[in-house]
Amino acid sequence: MADILEIKNLNKQFGGVIATKDLNLSILEGELHAIIGPNGAGKTTLISQIFGQIFPDSGQIFFQDTNVTKVSEYKKSRLGINRTFQITSVMKSLTVSENIQLATDTTRENSFNFFKASNNQYTFFKKIDFCLRQVGLIEAINQPVASLSHGDCRKLEIAMALASDAQLLLLDEPMAGLGPTETKEMIALLKRLKGQQTILLIEHDMDAVFALADQISVLVSGEIIATGKPNTIRRDSEVQSAYLGGI
Amino acid sequence: MDYTLLLIQVLNGLQLGVLLFLVASGLTLIFGILDFVNLAHGSIYMLGAFICASLTYALDSYLFAVILSLPVIAIIGYAFEIFLARPLYARDHLDHVLGTFGAILVIDTIAHLIWGPAGIAIPLPNYLDGQITISENIEIPTFRLLIIVVGLTAAFGLLWLVNFTKLGMLIRAGASNRTMVAALGIDIRTLFAIVFAIGATLAGIAGMLIAPITEASLGMGNNIIITAFVVIIVGGIGSVKGAFVAALLIGLIDTLGRSFLDDLFKLFMSTGAAENSAPAISSMSIYLMMALILSFKPKGLFPPRLG
Amino acid sequence: MKKVLAAIIFCNFLISSVFAADIKVGFVTTLTTPAAVIGEDMKNAVNLALEHLNGKAGPHNIEVVFGDDGFAPDTGKQVTDRLLKQDKVDIISGYIWSHVLLASRKSVLDAGKILISSNAGPSQIASKLCHENFFSASWQNDQTPMAMGEVFNKDGIKSLYIMAPNYAAGKDMVAGIERTFKGQVVGKDLTKWGADAQLDFSAELAKAKVSGANGLFVFYPGAASGAFTKQYHQAGLKDLLPLYSVFTIDGISLPKLQAANFSGIVGSKVTQQWDPSLDNQANKRFVKDFKERFGKYPSFYAAQSYDTINMIASAVIAVDGDMSDLVGLRSALKSADYNSVRGKYSYGNNNFPIQNFYLREVVEDSDGNWTTEVIDTVLTNHQDPYAAECKLK
Amino acid sequence: MQFIRSFKFLILVSLLVLPIIFNQIGMSFYLDLATRLCILAIAAVGLNLILGYGGMISFGHAAYLGLGAYAVGIPAHHWLYGGLDFLATNNGFIHITIAIVISGLFAFLTGLICLKTKGVYFIMITMAFSQMAYYLFVSIEEYGSDDGLVINTRSQIPLINLDDPIQMFLVSFSSLIFFMWLVQLITKSNFGLILSGIKDNEARMVSLGYNVYLHKLIAFVFSGIICGFAGVLLGNFTTFISPEMIDWSRSGELMFMVILGGVATVMGPLFGAIVFVILEEVLSSITIYWHLPFGLLLIAVVLFFRGGLSSLLSK
């Protein structure tokens, strides 16, 4: 399998604070790659750079062998990268199905359709139906998002990411703020997705990470100090002293 | 170029600038910290002028009238906060705009009912009513000089308050992060009411200062409120320093535009055309400047730092 | 909701039709914004005129319906339409502001009604836009400053600095002074006017001061006059740059200036076609009763409004209340056969008055109130310069 | 639901029928009132597209009304009095075309800059541009400067005589219905859905791959054009246009109509215009101090009836 994403010597500073330092990372197509690290290690900053919300000071990012280092976020999304946010980010005043609809390529490509009604296009129904069944939200299809629980909103975000047909999903702490039952459901959901999608997962929940990931990279102070399979990481002494020591 | 005239016009521009600052600083504090759009801020400025005018006649002294008007205006600001602003904090800006526009209509009409449409001229004591000779051919009205001095004092006082006092620290913290202030265990409601009263008082002072020049008149607040908004937008919402810089900038641009633009235009167009277009262009100049600055710095010259 | 509103509108209609008077006169003036100070004076004068007429022109009841133009041309036009279509007035009068009059003119004339201006006299209406159904009860804008120009020539003023608001009348005033003034105009400022007019003139006064002019001519009517005169005084220009004004220091601003004890203006001079001190029967009664009733001298706005009502009454009597008799109304109005407070005058071909213009001085009367007094007649039976451009015969 | 739908229908029918009845029984003033109401409602519908559905609070939309009216007044002025032959016409279609092009262009150019800003900055910069338009017309003496321009001849359109008040009203009314229908169509389309998405969560829409700026710009231009068209009607209706009609307070009035009626609803702008125009009319005929009850009412609406009048209906 080929690398879908390759990051070379990435550097980013905010004022005097180093957020990313000489970072190298490759993600294989189809794998679920998790990034763990203590608070403030620069995980979200890394995702934001991959997605193009902020640009690195130096270094390159390749997506499917194309240099996308300085491609802005809305174009990245069109190339096939999609992300979810640490803080739930959905359109609260719209319905569940409208949120999905907005996430699809079809809507995006026909975005200058001014006069044709958006809600009676057959292709949408199939896709919306599919995505919502995947995440188990099909009952809520016509509900306004404002009425959903926090856990359901997080599922909706995943469904939106699915609907976009992205080749690479960047998931920024999908379990954040979920209760134990909801966390279990989310892990099951990600397990189902694994293999169908390439996923870069940032997560604090160690049980989830070790249960899900194919590869794990450990990020400390902007640097990747180790990369490997879950078992290797678990045994790595450097990782243990830097991060997992407490467990 | 006539340098004497230029100097006088710069002083005039400065005077307009500090007046704008007095109105705009309150507006920017209320806006920045309370996140409340107060269109009726100009009406407080008008009330300052009218109350001071009435008291001047009642007490037969401008000075005592000003001193007595200050707490009155502060109380009005405080009351305004409790009855109209407080219920609207949680709403969006649209509701603020609509509600405070309603307040403008109400306050203006009440002022019409109380003081009549005529406006009130305020007599100045003799020692303020003359001119001061700066050099051989530069004379400026004493009172305008006083406005500059009072305005600058208020400006530096406010900058000191914001930058070097505990209240100021809370105000700055509030401007960038409201929840943090709450987390510090401060009674946010009291802080808000104090900020509102300070803002109202500053606007009231501006009204009291301008009234002896232009009279207290209906609608005077609506003339200045839009310019004051331009000031705080250009300066960056919530930034007292930004408001100060922008107010002086706008005061100077407006005054210098009014005095020199027609001569400038006469260089390349007919006298008639110049005399006709210069006033329009000079009135437009502050908006032009605002559009220009916002297109390069969409959050104004000194955007408050976040987080 | 809709039903309630319809009911309100319907009641409104009923009330106005039940109490309908024989002759309805529409009177448009400014009753809100700071300029309402003029409107109130006019309204007082209209009511005084009605009282003096016992509300009747001959056997016919006269009712006046007031409309507020809000100091804006489009509002003025809207209120004019309302008077014509809703209140169904027989004749329209009033109008302080030239731009409001220009905006409203078409509505009235298209409706085939007589339009009488109680104050505004823009040059357009005196020349190419003159109309047989339009009459002025005041003057053409240029005339008063023309009289002032003559005063300058007599006083030996060689150079002049001019300040006026940037609207129709302001431009006419400037044109008027330039018509008769033989010296040089060294500087001119047209300042922003309207609901948010410019009231701080520091920049302009500073320019005027260094311009080297012998005199400063200004036109700042209504609420702006107090602001202007005060700043003129504070700028210390009194001895350096004598002030000459038209429609600025008047019955409206004087009480306010006196209350502020602004003694600098006593002795200053203005020109006008009317003065409270004019010696005729109608004027004496008008000034006396006005002072008794409202506690101050009437302004020229008031005098012209008082004249307007009397002029209308004389025309109503002439056609015996038949307001559809436009020919009769026109000829009655044109004869100016009523007791005007300015004395006898006549109408030119463009239906603007041919009348005297006086030089007046601000003085203190026997009761200690500030007023004006005629000191000279500058122009006698003066016709405006635009009459020749009017096609009417 | 049924009741609300029939109520809305009833309002539209009475808006069409009542003015004509009033006119026939000799109260032509109410016909004019209804015409003005329809025209202002069109502008409010246009503003609602961006304010209600797109979350762009424009404080400068009176400028488009003014541009539309000047697009009638200026060609008519030259047609009557000569000068600028290429512009001189009283052809209504040309007036409408000019209005659409000019207001669209103005919206496009100012939108390019305005849409870089957000929130209150956006409110103020739209206001700044409309003030510039205001001072532009103040400075053109040929078109009356501060005094405004009297439009001595109305636009000529085949088969329609705008000088007839009833036809003027019918044209305004049917235009209003047309634009209400059009805006509803737009808001139900993909574009409309995206616009609602942008209003709700702009950052998310960017991350979903939308060119948010371009979508906002297009909506802004649409909205400007609708108001420009309303301006053509306004110019023909009042036969007068002055810079005063571009002033920020007029933009405020438009905004309040939209908010009063209820943002992002089909009928909201119309309700807002009805209430605004009738209140202004009724209150101002009772007292010159009508701003007092009007202001109190505004405050009451904000404090106690959130979501405007439409929300009262749907409760």
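In this document, chain identifiers A, B, C and D correspond to the written order of the chains, with residue numbering beginning at 1 in each.
Convention: a residue touches a chain if its C-beta (ideal position, glycine included) is under 8 Å from a C-beta of that chain, and two chains touch if they have at least 3 such contacts.
Owing to the predicted nature of the structure, the values given are computational and were not obtained by experimental measurement.
Participant: Set chain D aside and report the joined-up groups of chains, separated by bars, or one piece if nothing splits.
Facilitator: Drop chain D and the rest splits as A | B, C.
Participant: Taking contact as defined at the start, I'd like the list of chains shared as neighbours by chain C and chain D.
Facilitator: The shared contacts of chain C and chain D, listed by label, come to B.
Participant: Using C-alpha centroids, which chain lies at the maximum separation from chain A?
Facilitator: Most remote chain from chain A, centroid-wise, comes out as C.
Participant: Rounded to a whole Å, what is the gap between the Cα centroids of chain A and chain C?
Facilitator: Once rounded, the distance between the two centres reads 75 Å.
Participant: Can you give the whole-Å distance between the Cα centres of chain A and chain B?
Facilitator: From the centre of chain A to the centre of chain B is 49 Å.
Participant: Please tell me the distance, in whole Å, between the geometric centres of chain B and chain C computed from their C-alpha atoms.
Facilitator: 35
Participant: Just curious, how far off is chain D from chain A if you go by their C-alpha centres, in Å?
Facilitator: For chain A versus chain D, the centre distance works out to 44 Å.
Participant: Counting only residues that touch at least two other chains, what does the list for chain D look like?
Facilitator: Those would be 138, 145, 249, 291.
Participant: Return the residues of chain B touching two or more other chains; collapse runs of consecutive numbers into ranges.
Facilitator: Each of 112, 222, 276, 279, 283 in chain B touches at least two other chains.
Participant: Can the chain contact pattern be summarised as a line, a ring, a star, a complete graph, or none of these (other)?
Facilitator: other
Participant: Between which chains is there touch?
Facilitator: Taking the chains two at a time, the touching pairs are A-D, B-C, B-D, C-D.
Participant: Give the list of chain A residues in touch with chain D in this complex.
Facilitator: Result: residues 51, 53, 73-78, 82-83, 85, 89-94, 98, 101-103, 107-108, 110-119, 160, 164 of chain A touch chain D.
Participant: Can you list the residues on chain D that touch chain B in the complex?
Facilitator: Residue list for chain D touching chain B: 57, 113, 116-121, 123-125, 127-129, 131-132, 135-136, 138-139, 141, 145, 248-249, 252, 255-256, 259-260, 263, 289, 291-292, 294-299, 301-303, 306.
Participant: Would you pull the chain C residues touching chain B in the complex into a rising list?
Facilitator: Result: residues 32-37, 39-40, 166, 188-192, 195-197, 199-200, 202-204, 206-207, 210, 223, 226-227, 230-231, 233-236, 252, 256-257, 259-262 of chain C touch chain B.
Participant: Okay, in this complex, where on chain D does chain A touch?
Facilitator: 185-186, 188-194, 196-197, 199-201, 203-212, 215, 218
Participant: Spell out the residues on chain D that touch chain C in their complex, using ranges where they run on.
Facilitator: Counting only chain D, the residues touching chain C are 10-11, 14, 18, 27-30, 32, 138, 144-148, 150, 152, 238-242, 244-245, 247, 249, 278, 282, 284-285, 288, 291.
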